[in-house]
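Consider the two complexes below, in which subunit A is the common component and subunit B and subunit C are the respective partners.
== the complex of A and B ==
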């Protein structure tokens, strides 16, 4: 492999460079300032600006592609690829980072004496995420995932000085490392069998002979399961509620959205190699169907019994992974690729918006780093904070897939992609799951609007968090009403990866 | 002017007006005024409607989600026109019905009522399946809040049950709609969710087999609508919802929302799946009959007036479903007429029960007795509405039930004979209740109120007067109402196989939409 690269390539990875450079600012200021926590300018404004510029840089790449009519560009001898998906998901990850920094600044659950370190780690996790999004090579993908995960392990551990968070950190670290090991082991097998880990080359290599090679199948299943851990698909989901519960809420918002988005994009790129289209891989398709169905059911049924809002949303995010997997099934069949992949990406984007909004709501209400927000704590929200309560309701209804929110159209696209590929029974379970989910998504609504007693008082000072809730709720409605331009945009981005 | 859009979305505008009204005291009168304005706007529709045409009128069509062929497509024909008017007619009555009974959060209540009105009208006017689904589902949210916030003791259970039960049916409808859209992509060359395109589809049907495309799709739709109607055995959410809902909520629920189910059967199931309807229609005829008798029998033993009226709804809606599946002109006309008259008379019954409950705080039948003495005007109204509900000639209830029974008799005499017993049973439980509540020796409750004036005030009389006028108008001159539906019903019967709908006065803009022009012959 030719390892030289064009200096122009640097231009395309500017978001990475910006994020990394800016991430150093708060910690360096702290170090040179006798370990005193720097002020708002370095801890908040600079990283925010960095995130926004990174998003802008990604958008700039997209604009350049559009104006020149290029669909995708390989960088660094094909290790990274810049295409529509990289650009769109990159923008979203950068924005998520920005929002997370706002939450982190205002949340009581992040130790304000370690804010600069937290920001440093968050930004580097985002660097890892961007690497995964752009990876065109299984090893680069692995490096990105590890970079992201290592930052997150530390972030979870430094969340709160609570037993719960130590337990969460240890659990996440042990299980996560285990999954990473399986992932890299699988990559090794794939390399051994196919002679390459470079995705475009893999596409040309894949044929019936390769798929009858047991080592290759073993490698493939390891890679799939390693990624399934990251997106918490059944049976690799059990860490999710515990880790989410033990971590600070802003971090959870970032993990539940960013990590899922990039890991699913990685899965999408893997499945887009059409590896599952062969008869020999039919068993994978079977397994994935069952995983989707069971994930949806387990997530939704377990969420029914949660009184802790964070755990409820954690299980709901498990269930949503199952829905995305339904779309991935459509991608894996021969002629539903573009339809399936666009529906997956549309759903992921809408999921990111709604979930981020929902976790921001939790962050808005938390009183101290120890408080665990119960559903019953929301009593009387509607009379105290009507607009916040309304926004949270919109977000929940969207998560439940009630029209005319974006959650409904996301599910609509997913289901229509799956139905046109003939996955009727999977979709039938999917809709049954969404009926079950309505019950627990309605519970906070019941408490907020229908009971008259007073619950916890709200701290009124979290303006940024409040605005994030409003922005996400409005986006959920607006994209719900006019989903078409967004969908078309995503579709044209998807066409660049096939 | 886009009349249908105006009628559909005017209430949303009103909701915003009410929400931002500076003084909460003005909410009630302003809402009442606005809803009456809305009613008169909808009358324009009635005036301009061309009764000789069976096609869609006042059509508006703009692409909404082009990538999936979903369009914003509204249209009205003889089947939907009266349901729209029913909604706009009942909205002011509901607001009056909540005049004194809704005490907290009045602003939110009126906003919910207006949003609900939009979603219901949208359901009746939408000619695009996804748009229909969006309105159909969205109507759950305001109703959920109305039951859950302003409801009775067990409101949360009832509201949640209502929401989840209805949703359970409608997700399978969504599944069926998506399947039809995918089939449209195969047969018409372009994904589309327009009903007119769905009518063109050729759906595979295997007689006697459950697992054929058309049968499965038919049941996918029918389940959603059967739950909404509610058809026996899917009716269990209804008594809970009705008893817990506040009076205005019950009125709108019984008056309009249940009709969304029967309307859906008429708009989707019958014309889309003619073979499956012919093959499996007997199930619905039978369930309709069972519902009529079961509802009546259960109503007979209810100790609670509101529950009695709720079960009478199950019985009356059984007639509507039965009439629809007779598949002849009498049955269909009767069903459409019965939808209207049930909306009016059951709505009025819920209002009346609510009015008396406000005074005595009891709905137990056995605690009443001799109410006619202390509340004579109330009694007159109640008895008129009762007579309408038990289908006495010259009232609206008679026309619908008579037509339905005639239609059923033509199809299957056994069902007709069984259904007729429902009329008798209906008279039994209603008159029984009237006897126990209004006549006889003064009951426990009435003794407490001896000498006090329990009678209706002016607002309440004003609320009920239009309803009573309509009861007699529809009973004496049914032709005034049936003439609007006739063309559409005849067309539906004549074009049973291969149903289609023409667009009247199709405008240039509509014709240029790409996916409408690609037509593949069956």
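== the complex of A and C ==
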């Protein structure tokens, strides 16, 4: 029997192989060390290095593509696709993983007696994420999503905190498995109707007859809703604040950025099959528009009423999903694809950077595994820790979308892509949502800079976390100032998927 | 004709057995009814010429998964769990409500797609050998990835059993 793939294919999935192999190191060392927790070298430095090498390997694939002038490559008889999107998002996921490992090492809410298992699960969640990014086939996408989600369910339950984390883990697990079941049910219907789950083949299959097939529509809506759960769009968002509140903060930083990034890339690949262009699918477009509007409003209005910083950021991440969906609407129409997709990707990247920074700030301030940071805890932050307070302010301003930051340009590209496709009223609601959001993003700022009272004391020893806050804040400003080259780069990367 | 008689007979028994799973107050008996239902499902697969799936259904579901179920049932303090989940007027109302909603969805979905269609590619015979060939060529990546998934989940389960506060934290 001849194998239908080249051994060369393995070269391109090196990031995944590196991550998995390195993830075994801390666990194996622990096993051979009579179940004693290994030291810093195995629990921290090796996985960090692994994540960085994986990011480098992704970048290497990108460099090879650039030098050879090829735009995309199919691997393993079409199961995976390597294109600009997979490479760029892959680098970002690996970097997020590295940052999360730093946070996890310094956070009090991660059980230090189980750090090696936590690192193992984090790295395998990243393996799942890379698979979703590369997936060219709905089945591969599903397996990747499951790999990522199962690792995350366990990680949520492994927090040091006892009550909320168990509730969050069970809630996330039950609801998440339900969503996954709906997703795979939808994939089965799509296979039954179209005879394929392979995305490039699906593109050629989609036509008016297929779209009048009830089975196909049922499958498509199930797949859309399964993915909508993962990115917490409106009717499926209610798990987000509870799960984020119950999970340890480093993990939330990883979930809020990584999971959203890859699930939106999966949605992008699905919508890039141009399935929503047809007249028969107009009702989907209607539903998605309303979902975007209500998600933005619900996220922003609920965040107004939160005093708990983590819940506030959780609702804000719900609202940001709504903004990204506006960009996806532009992708679904026939001539705004490249514009819409590159604005979506640019926004996702900027969202990942600023959200990761904001959650690292929470992780930096938490004194023990049980501390729930309130906005009033930030009082007098600016006088005690001026640079940290300044960096957090930059991140918040970027989340709110105030001009020189990357958040503004992200929203600008998104909204202009949607306007050029004629989604005026959705964009109007998006702008209204951003205006509302300014209020709750500015509240911590006011408390930090204008109040002299003492809030919570700062842990001085978390150097890594501190540096991550600085790095993300600087990135937010730098990419904000020179956003156009970045945007053009993403645009050239995105052309390969159409 | 014979196939139809066997199929409807099987379906009838499976329905009765699955009702037994639902209505039996003793969870161990429920699990045993579930074994019988699984065997029925594997027979249906066998009738559809899916020998491999039938075998997997028997080995994995009727064998491994059920043993796991029974073990977990023995580990839990079931009286307390039963008490927590089956009291109160509101809970009962919610159960009935969800049941009715799902029934409506089920009936509606039957009317949504009234016509029956031939399965695509129904002519190709899916033997175990073909399946294995596909698994190790076209789907090799997913197949290997599922291996990683199982490993991650196994280690995760062990880690979960050793978390601070145990699995039944107050």
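Assume the second predicted complex is superposed on the first by the 494 of 498 C-alpha atoms of A that agree within 3 Å, B and C clash if a C-alpha of one lies under 4 Å from a C-alpha of the other, contacts with A are read in each partner's own complex, and residues count from 1 in each chain.
Definition applied: a residue touches a chain if its C-beta (ideal position, glycine included) is under 8 Å from a C-beta of that chain, and two chains touch if they have at least 3 such contacts.
Since the structure is predicted, the reported quantities are computational estimates derived from the model, not experimental observations.
Looking at the shared chain after the overlay, A:158 reaches subunit C, while subunit B stays out of its contact range.
Applying the stated contact rule after C-alpha superposition, one finds that A:120 touches subunit C and leaves subunit B untouched. In the superposition on chain A, contact of A:402 is made with subunit B only, not with subunit C. Counting residues of subunit A touched by each partner, subunit B versus subunit C, the larger count belongs to C. By the document's definition of touching, neither partner reaches A:238: not subunit B, not subunit C.
By the touch criterion defined above, A:218 reaches subunit C but does not reach subunit B. Contacts of A:274 after superposition: neither subunit B nor subunit C is touched. After overlaying the two complexes on the shared chain, residue contacts for A:308 are found with neither subunit B nor subunit C. In the overlay built on the shared chain, the residue A:72 is in contact with neither subunit B nor subunit C.
No residue of subunit A touches both subunit B in one complex and subunit C in the other.
Residues 1, 3-5, 13, 20, 27, 75-77, 79-80, 111, 113-114, 117-118, 120-121, 124, 127-128, 131, 139-140, 143-144, 146-147, 150-151, 154, 157-158, 160, 162-163, 166, 192, 195, 214-215, 218 of subunit A are the ones touching subunit C in the complex.
Here subunit B touches subunit A in the complex through residues 63-68, 130, 133-134, 137-138, 140-141, 144-145, 148-149, 155-156, 159-160, 163-164, 167-168, 171-172, 174-175, 178-179, 181-182, 185, 191, going by the rule given at the top.
Interface residues of subunit A facing subunit B in the complex, by the touch rule stated above, are 397, 402-404, 408-409, 412-413, 415-416, 419-420, 424, 427-428, 431-432, 434-435, 438-439, 442, 445-446, 449-450, 483-484, 487-488, 491. Against subunit A, the residues of subunit C that register as touching in their complex are 109, 112-113, 117, 119-121, 133, 136-142, 145-146, 148-149, 152-153, 155-160, 162-165, 169-170.
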